[in-house]
Amino acid sequence: MNEATAARPSSEGEAFEPRIVAFVCNWCTYTGADLAGTSRIQMAPNVRIVRLPCTGRIDPLFVVKAFERGADGVIVSGCHPGDCHYTAGNYHARRRFAVFRETLSFLGIDLDRLTFSWVSASEGRKWSEIVNETTARVRELGPFTSYRDLVDEG
Amino acid sequence: MSLYRPHLVRIVDLIDETEDTRTLRLELTDPEVAGSFEFKAGQFGEYSVFGSGECTFCIASSPTRDYIECTFKKVGKVTAAMRDLQVGDTMGFRGPYGNRFPLDEMEGKNIVFIAGGIGLAPVRCVIWNTLDLREKFEDLTIVYGARSVGDLVYKRELDEWEERPDVKLWQAVDPGGETPDWKGEVGFVPAILEKAAPKAENSYAIICGPPIMIKFTLPVLEKLGFPKDRVYTTLENRMKCGLGKCGRCNIGHVYVCKDGPVFTATEIEALPPEF
Amino acid sequence: MRELQELSSKLLSEGDVSVVIGYEEGPRGVRPAFIRTPEETNRLVFDHRAVQNLAVYLSPRRAHLRKRGRPAVVIKGCDARAVAGLLRESQISRDDVVLIGVRCGGVYRDPESNGPLSEENVADRCTGCDLREPGHVDHLVGELPSEPPATDRRKSRIAGIEAMSPEERFDFWSSELERCIRCHACREVCPMCVCERCVCEKTDPSWVESSPHLRGALAWQITHALHLAGRCSDCGECERACPAGIPLSLIKGKVNQVVEDRFDYRAGDDPDVPSPLGDFRLEDDQEFIK
Amino acid sequence: MKPEKLYLTEAGLAKLTHDLREAGARVIAPVLATESSSNPVADYREIEDAGRIALGGPLPRLSLKEFFLPPTEALLSWRQVKGDISLDQPSGDYPRTVVVGAFPCDAAALPVLDKVMGWDYRDDPWFGRRKATTIISRACAVKDSSCFCPAVGLSPDSLKGADILLVPVDDSGNNHLVEVLTPAGEELVEAHRDVFESPPDEGKADELRKAALDRASENLDIEPGAIKSWLESNFEHDVWADIADRCHGCGACASVCPTCHCFDIIDEPEGIDRGTRRRNWDTCQASLFTLHGSGHNPRPEQSARYRQRVMHKFAIYPKRFEEILCTGCGRCSRACAAGMDLPEVLRTLDQLASSSEKQTEASSTGGVG
Amino acid sequence: MARIGVFVCHCGENIGRTVDCEAVANACGELPGVVHAVDYKYMCSDPGQNLIKEAIAEKNLTGVVVAACSPHMHEKTFRKATEGAGLNPYLCEMTNIREQCSWIHEDRDAATAKAIDLTRFISEKIKRNSPLAPISISLERRALVIGGGISGLQAALDMADGGREVVLVEKQPSIGGHMSRLSETFPTLDCSQCILTPRMVEVHQHPRIKLLTYSEIESVDGYIGNFSVKIRKKARGVDETRCNGCGECQSVCPMKKIPSEFDAGLGNRTAIYVPFPQAVPNIPVIDRENCLRIKGMQKKKAKAACGRCAEACGRDAIDFEQEDTFVTEKVGAIVVATGYQLYSIGKEQTRKGITGYGEYGYGTVPDVIDGMQFERIASASGPSGGEIVRPSDGKVPKRVVFLQCIGSREPSKGIEYCSKLCCMYVAKHTMLYRHKVHDGEAIVFYMDIRAGGKGYDEFVRRAIEEDGAKYIRGRVSSIQREGEKVRLTGFDTLSGEQMEIDADMVVLATAMQAQPGIESLAQKLSVSYDGHGFINEAHPKLRPVDTNTAGVFVAGACQAPRDIPDSVAMASATASKVLGMFSKERLEREPTVAGVDKVTCSGCFHCERACPYGAVERYEVLNRSGEVEKVIAEVNEGVCQGCGSCQVACPSKSIELEGFTDAQIFAAINAL
């Protein structure tokens, strides 16, 4: 993580502001997030969106990478079933992430740090709720830099 | 200072040799290090791009110049990262490592330089070394071939050598690799060498290129009468540390990074075929 | 045993195959054997110590073996899952190999064990085994022995881990994976690791950090587990090969359980039954998606 | 130096451990791993008290090597601000360490590796840790049929690499005869003179030592010199393909080996402007080990890679450094999932060597010359 | 290292108000590889674009990052500008600091920090971007139109007249759609059939239109330029090649009391029937639910029941045994014009999440009808021959109450949108009624009058002022039968009075809804649809007739409630889009497709299973002696749509989607 622009407090004592990465599909959730913008729906500023063509393109390892880089929480979001721009990407993603999250959980990663959602192009409101809920939940859990710092030699 | 800590070097020039081959000219950023830095023809270094890792290349420039050059082809992660660098960027350099061509021994002798493709890089180091100290050596002959005209490296220098009266250059491209205005030879290096027929008496040969070229050139040299212990080549085995520790460059009992990279044909013959 | 030896001898002498890959007595228990002449077939053994999954020797990554000719391989039911996997994923063609199926009464966890099979020494996968007689083989030898004793060792260990809090689980795995030296023996012995170039060795970009620190080890184990989801033959070789003794089959076992619970799928010996990952149903559960 | 002999009781060892830690040293010893495996396993780990030391327990899964050449270590770190790069490296201060109960085969590996780590270029992390560490070996009772230290010129009570050797004097294994072997050993004993007793009660020490040596000698009887010569003159041989058939190339043998020391150097970025250059264990058993960027691989097959491992240990290293790169610990055999067995391979090579010697003799006596 | 230029847009005040654009530019200027970073009022303006072009030239940029609005808005603009300066357009990317930053945050510091983060992600990603060139693919210059209503007919005719072959598929036995059922049309009150029927005939006779009625789309394969569409021709029971439309069969059919769909249940038809006299094609169809013969066959009765139509047919055209058949058509473009259905009050709902109005008594209280039924009553070709009579007793109603917004704008019933044309057709209905029943009273309950459109407001005004329709702003709470009357209890919101009106007939102006089954069609076509089942356009303003699947266009009321002029305009727009696309020999496609690393691919074909388009093919790698060394995956660039699902499926990561490679995504994550 790059200190210069970290959303984290620079000094102790300030409230912890989680840093959350969202991997979203271009057609539904990204557009839904745009709609939230055009509708001027205010939401927590903690989420950084990474745009991908489809949830089918979102590799579970992206989530691991994000944690490795100091993300405190991750959102994965795409089109509702049946709505996939590519017809089936979200169905594949659904199976992959079903297995992924249980594996992560088994290895001790708190699933409260992870949100999966279907947000359609018309659900700007829902997107803002996902963002706010996830931010609040992760804020509660505290920083997850312990994952990034697993590299430190003891 | 740690053995593994590189010197920082700045890219001062960048020359695209072919479509996928590039030469970087590097200068040590620390004037103190630069003042005491020395190397010999034939030695190599570990070049690094921070974040991508280290990569081994011979030093392609002559020790008579006050910079380090390396010529590389993009084949992996580090070389890809090196290609992304621009003039003014900083990278790392560890070295020089390894042995050298015995230039003092070659003084007063004829030298034949034989190279194929990017194999000219280590040979070019010696060519400029001898040209910069021209009076110490007798006849200098260069036989250089590449797959096609586009694959010839150091084109400007080839032109310069072509012009110079004190060195004989035979340039060749493989059949089919010539362009309409190609004035050099067409053929494979062993054949061109045979045609050039440099005299073996009082001579040394330095050869570098793809294994297949070396395989077919050595018999030609033998035929021309070059004794095997006067034929030198340089090996590029995979290396990591350059310090004789990491175990990667082992060929039989030889540690290429310390016993090499320069070997005579006699020494090469004695090695197991693992290079 | 004699049946196996005679069959192997016949296959070799008739030139059907140039090697029979089976089991023999080794310095430390039973080990894989490569039998190239009919005379050597008397070395072949098969008993509870035949732990190893020989299907791994069919993997295209064992190109040097393939160059030495068409093999016959001794296959237990559980190993047949891996063979089916290789066939399913176009890694081998059925004609390139002769499969000698053996009826199996269970194996130890450790090929150096001896004595009767017991709850303590039996391999985890033998409990509830539905493949004691492998299908889809060319030859089937042996009598069907009695069922192996059941153990809930792994199941209860998995349940124990599941019962922990996320922090406790994280600490548990940290203390295990802290020993990981990233030798990737778990991968090399895995019959389903068929990639020409493992993703771990993809450096541009670097998918999985190669250093043996916890972060890299965790990323690798997550990757391996996910790549095996719906493909794992549950042979347990990863755990057996681990020089650091990391209980890898707990992770694989957990993922297999998830796949079974969610998609009603258990790897079987039929190459024509597709694996559930790469497939989907419109009505798949999505209780975790908001 | 004539070894000074002292005596250390169970209580003495406990106090020694305690006092060493009090004095700021890290104490490493073989301890039993806490896991529900069917067979007890051990690791070398830092201990807080002597109670955890598994004296006479199993050979630790990994050798002592991991404390001198860790599986991963930072060589340097870099940071980039715009185009400017600054480098930083570890301090070079290594914690004062005492290994209690090192197995002789592990201790012996250290001076063997000093050779490669020190020729021309001194590997500072290695020697930094070597210097900071005192090794107290304990004579081994020989674990099983895979032990073969006598075959490589060592013994279960080898002094090589040890600063102090403990030899059990009774069947309890808790009381030891102490042989002080080096100045570093002497220094330690001087500093903690109160825990040692003198004169020693040598008890059954000699008897136990001899019995262990006999057991280990039975496991393998070879002529390493003959193997070296044979390997040097028989690079290409069919035997390797047969040996390597079952080998997975997983490199578990190299990981557990006290003398395998190949490593890789990689860069690990942490974000976009900084990162760490690391040295990680590597193995010649991996096909990628020698793979060139061009796709060419000098050792494309497992047989060549396995040969390299054996060559390096029994021909190359002895030739370069006059040391066999093997201490006969047998870990490679125990760790192998495929049942590869180095003693078995050595026996095969020994036979090949002796039969080819006989042939040479036969042909030379034939006097064809 | 790369040479990246970062351009931060203020978007007037839109971004600048909450994001400190100068700070963003300054921070990005410090990033490794960024050699140029500026902020500007309007990056999308000409001077803004020129800033990019100049910087590319002056600083020799290798990548351009524009931090501005959503890439959905201006990515093309900036890529074009980049290309204009000689840099590959795919070396330009956008950071969304407006929709996803300035517009949704108030805290200036937090928004600025976020904008910097987002821009850093992209400036790292772009270092790994490669220059890409468009892909050329073949093009089948024929079009498919789905739906034979006014939209579909217009689109088909325009394209056919433009010189391209068109396949028109209609699921009903006749083309014509809803428009064929209308009496007159607003705002001109010209006869609907009079303007429509000639177009229907024109379509039928057009040499370049292949008409498939009573047919439905079974499956769609392929991709823009190369669709392969399987069409199910439902069994008509009548051989189209033999039938001459004489109508003998209908006259002998004993099943005469089947409610006519065309007449909205107000009239009857037979079991073998032509839906309406002007139907195109004029070929009957056997209603398999009601035909005695077919029902008998289904019950496996030994003795054949009925069969009179077959006996009556002089051309031997009746075929009870006929089965559904399939044809496959290759087309390069598809126009979806499947129209709408009316919201059904009280009756069973076809769409999930929608509830009916029990309180309005539709279907239980006689003489409460919907708008389409009124159309049929008013239509000269309707069951009453155009005479306004009420269904219960055939008497002329003297007081008719029209209720607007039935279903529409009623979130509690599941439809929050305005159906847009009800205001207009209610006004039309009052006029039609008043023109025919001069002493009749037309009362309208409305919430708002929405009459935007050329001549529309004037039209409503005419209904009120000239034709005396009485408009009451208010809501009706219940409708009950009171003797022969229909009693409405309501509330006048302007006067605040509670009202009770006894009417002879009540007409409910029901909402327009998406067609049932549209989701399944949309899924076959891979086009997205909104929560109501209306097909999504690719961009609400700039690409209103494109869908997000290349080569599939949308016209008419299947996209949103549309009246006839709108539908026709959209249809012509789709036709011109398709004709434009067909003006070239080959198509150029976005190069963001997947490619396989032939060296590392192990041929496990997980990618093949993950690909929704069948774009992964098998490729044999031969060794030097020509033997197959391995079989690996290869991507058909024409078929690949760039979803990237293959890449995730690939265990060794040997397949990469251009534009979203792992290197690019990791670079972005790395910049976190």
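As written, the chains take the letters A, B, C, D and E, and residue 1 is the first residue of each chain.
Note that a contact is a pair of C-beta atoms (placed from the backbone, for glycine too) under 8 Å apart; a residue touches a chain by one contact, two chains touch by 3 or more.
If you're wondering where the values come from, they're calculated on a predicted model, not measured in any experiment.
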Using the mean of all protein Cα atoms as the middle point, what chain has its own Cα mean nearest that point? A
In terms of C-beta pairs in contact, which two chains are most connected? A-E
Using C-alpha centroids, which chain lies at the maximum separation from subunit B? E
Find the geometric centre of each of subunit C and subunit D from their Cα atoms only, then give the gap between the two centres in Å, rounded to an integer. 31
Between the Cα centroids of subunit B and subunit C the separation in whole angstrom comes to 49
Round to the nearest whole Å and give the separation of the Cα centres of subunit A and subunit B. 51
Nearest whole angstrom, what separates the Cα centre of subunit A from the Cα centre of subunit C? 35
Find every residue in subunit A that makes contact with two or more other chains and list them. 1-2, 60, 69-70, 82, 88, 92, 96, 148, 151, 153
So subunit C residues touching two or more other chains come to 204, 207, 209, 211, 213, 278-279
Which residue numbers or ranges of subunit D touch two or more of the other chains? 72, 80, 83, 264, 266, 268-269, 271-273
In their shared complex, at which residues does subunit D touch subunit B? 75-76, 78, 80, 83-85, 87, 89, 92, 116-117, 119-124, 232, 235-236, 261-267, 269, 275, 277, 279, 282, 284, 289-294, 298-299, 304, 308, 311-312, 315-316, 319-320
Footprint of subunit E on subunit A - complex, ascending: 1-2, 4-7, 17, 19, 21, 27-28, 30-31, 33-38, 40-43, 45, 48-54, 56-60, 62, 65-66, 69-71, 79, 82-89, 92-93, 96, 120-122, 128
Residues of subunit E defined as touching subunit C within the complex: 599-606, 609-610, 630-631, 649, 651-654, 662-663, 666-667
Would you tell me which residues of subunit D are touching subunit C in their complex? 33, 35-39, 41, 43, 61-62, 66, 71-72, 145-146, 241-242, 244-246, 248-252, 254-256, 264, 266, 268, 278, 280-281, 283, 286, 288, 301-303, 333-335, 337-339, 341, 343-344
Using the touch rule from the top, collect the residues of subunit E that touch subunit A in their complex. 27, 30, 70-72, 96, 98-101, 103-107, 110-111, 113-114, 116-118, 120-121, 519, 523, 526, 528-531, 536, 548-549, 592, 610, 612-613, 641-645, 647-649, 657, 660, 662, 665-666, 668-672
